[in-house]
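These notes concern the structure reproduced below.
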Amino acid sequence: MVRAGVVGATGYAGEELIGLLLKHPQVKITSISAKIDQPRDIAKIFPKFKNRIDLICAGPDIKEISAKCDVVFLALPHTVSMQMVPKLLKAGKKVIDLSADYRLKNIKVYARFYKAAHKDKKNLKKAVYGLPELYRNVIKNAALIANPGCYPTAAILALAPAVACDLVKLDSIIIDAKSGVSGAGRKASSELMFTEINEDFKAYKVNMHQHAPEIDQILSKLAVEKLKVTFVPHLLPLNRGILETIYLKKNNGSKNRTQDFTALYKKFYKKEPFIRIKEEGQYPCLKDVVNNNFCDIGIKEDKEGLIIIAAIDNLLKGASGQAVQNMNIMYKFPEQLGLI
Amino acid sequence: MVRAGVVGATGYAGEELIGLLLKHPQVKITSISAKIDQPRDIAKIFPKFKNRIDLICAGPDIKEISAKCDVVFLALPHTVSMQMVPKLLKAGKKVIDLSADYRLKNIKVYARFYKAAHKDKKNLKKAVYGLPELYRNVIKNAALIANPGCYPTAAILALAPAVACDLVKLDSIIIDAKSGVSGAGRKASSELMFTEINEDFKAYKVNMHQHAPEIDQILSKLAVEKLKVTFVPHLLPLNRGILETIYLKKNNGSKNRTQDFTALYKKFYKKEPFIRIKEEGQYPCLKDVVNNNFCDIGIKEDKEGLIIIAAIDNLLKGASGQAVQNMNIMYKFPEQLGLI
Amino acid sequence: MVRAGVVGATGYAGEELIGLLLKHPQVKITSISAKIDQPRDIAKIFPKFKNRIDLICAGPDIKEISAKCDVVFLALPHTVSMQMVPKLLKAGKKVIDLSADYRLKNIKVYARFYKAAHKDKKNLKKAVYGLPELYRNVIKNAALIANPGCYPTAAILALAPAVACDLVKLDSIIIDAKSGVSGAGRKASSELMFTEINEDFKAYKVNMHQHAPEIDQILSKLAVEKLKVTFVPHLLPLNRGILETIYLKKNNGSKNRTQDFTALYKKFYKKEPFIRIKEEGQYPCLKDVVNNNFCDIGIKEDKEGLIIIAAIDNLLKGASGQAVQNMNIMYKFPEQLGLI
Amino acid sequence: MVRAGVVGATGYAGEELIGLLLKHPQVKITSISAKIDQPRDIAKIFPKFKNRIDLICAGPDIKEISAKCDVVFLALPHTVSMQMVPKLLKAGKKVIDLSADYRLKNIKVYARFYKAAHKDKKNLKKAVYGLPELYRNVIKNAALIANPGCYPTAAILALAPAVACDLVKLDSIIIDAKSGVSGAGRKASSELMFTEINEDFKAYKVNMHQHAPEIDQILSKLAVEKLKVTFVPHLLPLNRGILETIYLKKNNGSKNRTQDFTALYKKFYKKEPFIRIKEEGQYPCLKDVVNNNFCDIGIKEDKEGLIIIAAIDNLLKGASGQAVQNMNIMYKFPEQLGLI
């Protein structure tokens, strides 16, 4: 049994991780911690876990965590993760970091979007971007996983085949993204009150969201050319799920060929356990991916352009599910173990 | 034109008052204030009012309010109202207080449920409980209205005919109440976040809610006998509306007579512009009363007992709509003016 | 008092019309009809109107409607309207048609998107597209108004200034539209059940919705050049409201000029009572426009492109509110009468 | 591996059963059927199951089902189940029936509430009421399980200890029940449309719901005395979950003793894997039981009365989860297998 620790257990990603790990046949949760006033039974914090787990959630103590765990999941705010990662790696632990701290390779971009200087350049270099569909082979042997952001997971999976195969105009990509409210994290803010969100819908951080450079970074690598997407996130009045509607132009090579893209995508992802390409004329919806680890993708192809729609559960494939998928790869477990 | 001021404009009841008064043909809003960091255009605070009102919302200044207004609506937290009321009354203003400060005549009960000593016993005595269906005649000439709580409005209207006509066992009244989230007010609390409330439902303050003694007080007066209801409120995952399902036993006089209560209620309320009694076998639902000032009541009568269901919009008949109804009475306007 | 009839009263637009006309100081509703099994008190169909209106809703009888009404609102499915319009016009009535029957001037396009041949080409030519911000002067004297579709209202208002001033690449317009469920009309379909929609989100009719040619038609006229938008509608899990996020490229003339567009839009719409342009960096949200007749528009300008976001209430500015606005214009009433 | 069949796979309970059985380590789904126009891949009907199951859903064929299955789950409407049960039992299959057909032992009561004559009195006698907390020992060896209704599951679990220990006035029980919309089943009805339910709340079948006699039957047996509860169900605008607030009077024996009931309940249920009794002052909420098989119970005790609140997921502990729990018992599997 792998001994796993969850740091940042009181947030949505942490809560979700506990639920997933409790069901995982090869894992035993041995440590739960969070920024917390005083130690408290995790089943008191989340009564839904009562009778299922018997652990105290206390402030994180690196020594204790290192002694008790083989792998540590960090479900922390950015800037907090990079304070803990060096110590955990030094202690020989495998670390799966769900924060943004090790995703952006360019520390200037990190500083601009996260308003903080990076403090751990050494490990930043070694960190592997934990998107199994693109980086499975390096994930296998990584000590530190930068678990992808929720929006980037859907966007990159939706765009990777077209971009990697050089079929699109790189300056034409527009991502209209919609996310459920759990994506904003568990924090008491007047803007996230029930009565503010319910029956409302709006865009936010219009073309200036911190997930855009993460998408740019990975897609640029695939394209072997720098690109910049237009990215507008919106807030849906529902708990979980991300759906992104992506508009782009084919490049001259692929123009005028139609009905190839669905086939191309099926081929590109044919061995992937968690990617499902919709038949032509069919499109994803949130309810098919919520509470599971799948990413559903549907494609509408016109002469000149493409519309690609992708959907995931922001807390599963977009966070904790993908983190467990990464762990499965690191430990050579079947990739779907505990996730289906 | 009556010159009206709204104090506490940034809360839900205040926002609703502004909307109602803007539509009222006999009222001009002349002052808007609230506890606020710095003065701000009310249309900046509530963009939905842009192009409809051009007033600055600043911290409340009694002198200025007194100079500008004939009637002042206080949409303030309890304990704050009773600091302002004496000054406004002294300045000769009419005051409609939407807080709980002047509802409970017994200051010990007030202290127990609101955790504060009462500071204005003098005016407490003079305050008129602003439920027009029971107290229209005293409201007409009142200077200070204690606008009823949202739960009590529905409960008292649902029970008044049966209790006043001495047809029920006074110790048998059980009120199972359900309210939309705006009833909790506009405050950033982790318990009221969208993701906590959405798709959830629960009871709270089980038989210890501060609105219970308000119901007891008014019904006891009607019964000319002290009574105490069982009262359990629940939180509905929706923005507005209260529905109360009330269980009670008939007393010996009314037992075994059936199909009288619907007729009795229709007669009791026959001149009321805002009370609608459902036909037998029909029951209220929120969507018929939300965004209007009606209270719908339906009755199921068995041999021994009654089930009475009442519904209102907690922000209208349960707060700001009733406040405007009271103002209409005080100024001898048609009671429905601006409310339909 | 204008005597108004509502045909198709049982749908969402019809219900909304009744509510609006009941509040309108210059209108008396004199006839209510709908496809219905047998005549029924409209307050039985919509209990929320009880005590507010006392009319029977029966199957529509043109003679009776003509005798009782000066203006007739048709809130009917497409193809049904065009069977009634000729008779009503012949009887000298003013007609405001909320269906799609008189919106598309090209009957081939109508046939393709609505799967029916047009039956009233004569009146189609005379019909005026009822978007007051563009066609106020012709609306004034029109006998037949084709009230715009909900999606087109938001899209055209959002794009008109930029397109009319020749500042955009006409082949670059992408409209990512999101609508509340009332936009789908009141019909029992398994896809519109609560449990199917709630906590779900999805695109539908991807780039093949019948409102796209309506947008194309009006914008092409403004541009004096044929254009075709990309249009993808999505279904939001909420009752009412449309928000459209629109992506487009500036043309060479306007490229590299920034911060002009917000000013341009403010100027273009400066006399409009129902258009509000957001300050730079501010964007519309549904809750500011739901239950009122405003259209809010916000603009994000980059070097090469624009992102324009527009929001309306689909049942008000997107249907019944706009219909009443048109009636106000036709009768020379103040344009906001009964709408604010 | 147990070979399991699901009949009525297209409803909510059937869908849920498929999801549960797919995760169950000792079960293989071998047959899926439903009333359906033509055979169809179940993953086409429910795209969320794509890549997880590869079976055709066709109309139910008893012979084929009997050949392929050891245990058959019937998620059928009442009256349909009793046409299939005799044949399946004759073929030696174990049957878990989720309909109401085998729950009520009194066929007159069945006829009154379900508007149909019972057609299988023979097996009705043998059917075991599948509430494991009360009937585990008979479930073990049963061939036919009448899986309890959703409301009765919560009500009986909430009341069993108090009633069985003779601590309450049997004529005092009032159950105010609230259910999510999936409880109404998957059928296109105008009353269950999104826009009708969303932001609405109402009671229905006030004290005349068909689940009341089921509660009466089981509690009467426990009390060894006939009793009749007052039962008012309400419809919550959310997908899943039932919460019942139950009011009752203690009998003379238990009156004036306080703080005993929470302890009593903990003792009564101490070996139960799926019952959780809340500490004093704590009450259940839906979100703790949704998507799991627990029943949470909280108790408020006064001198004379009790308020008991119970919550379950109507599709799990209230239907398919309980069905799998029953199957686990019948096959001597650990009772929580596949359910946690």
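Note that the chains are named A, B, C and D in the order they appear, and that numbering of residues resets to 1 at the start of each chain.
Everything that follows uses one rule, which is that a contact is a pair of C-beta atoms (placed from the backbone, for glycine too) under 8 Å apart; a residue touches a chain by one contact, two chains touch by 3 or more.
Predicted model, so just to flag it, every value in this text is computed and none were measured.
Asker: Walk from chain A over to chain C along touching chains and report the minimum step count.
Answerer: 1
Asker: From the C-alpha centres, identify the chain that is farthest from chain B.
Answerer: Taking each chain's C-alpha mean as its centre, the farthest from chain B is A.
Asker: Considering chain A as a copy of chain D, what rotation angle in degrees (nearest 5) results from a C-alpha superposition of the former onto the latter?
Answerer: Superposing chain A on chain D takes a rotation of 180 degrees, nearest 5.
Asker: Quick check: more C-beta contact pairs in B-C or C-D?
Answerer: Per the contact counts, C-D leads.
Asker: Averaged over CA atoms, how far is the centre of chain B from the centre of chain C? Could you give it in whole Å?
Answerer: One centre to the other, that is 37 Å.
Asker: In whole angstrom, how far does the Cα centroid of chain C sit from the Cα centroid of chain D?
Answerer: 46
Asker: Identify all positions of chain A at which a residue touches two or more other chains, and write them in rising order.
Answerer: 196, 198-199, 237-239, 287
Asker: What residues of chain C sit close enough to touch chain B in their complex?
Answerer: 22-23, 47-48, 50-52, 199, 273, 276, 278, 282, 287-289, 291-292, 294, 296, 340
Asker: Name, in rising order, each residue of chain B that touches chain A in their complex.
Answerer: Touching chain A from chain B are residues 12, 181-182, 186-190, 192-199, 237-239.
Asker: Tell me, which parts of chain B touch chain D in their complex?
Answerer: Its residues touching chain D are 174, 176, 178, 196, 198-204, 206-207, 230, 232, 234, 236-241, 243, 245, 247, 283-287, 290, 300, 302, 305, 307, 309.
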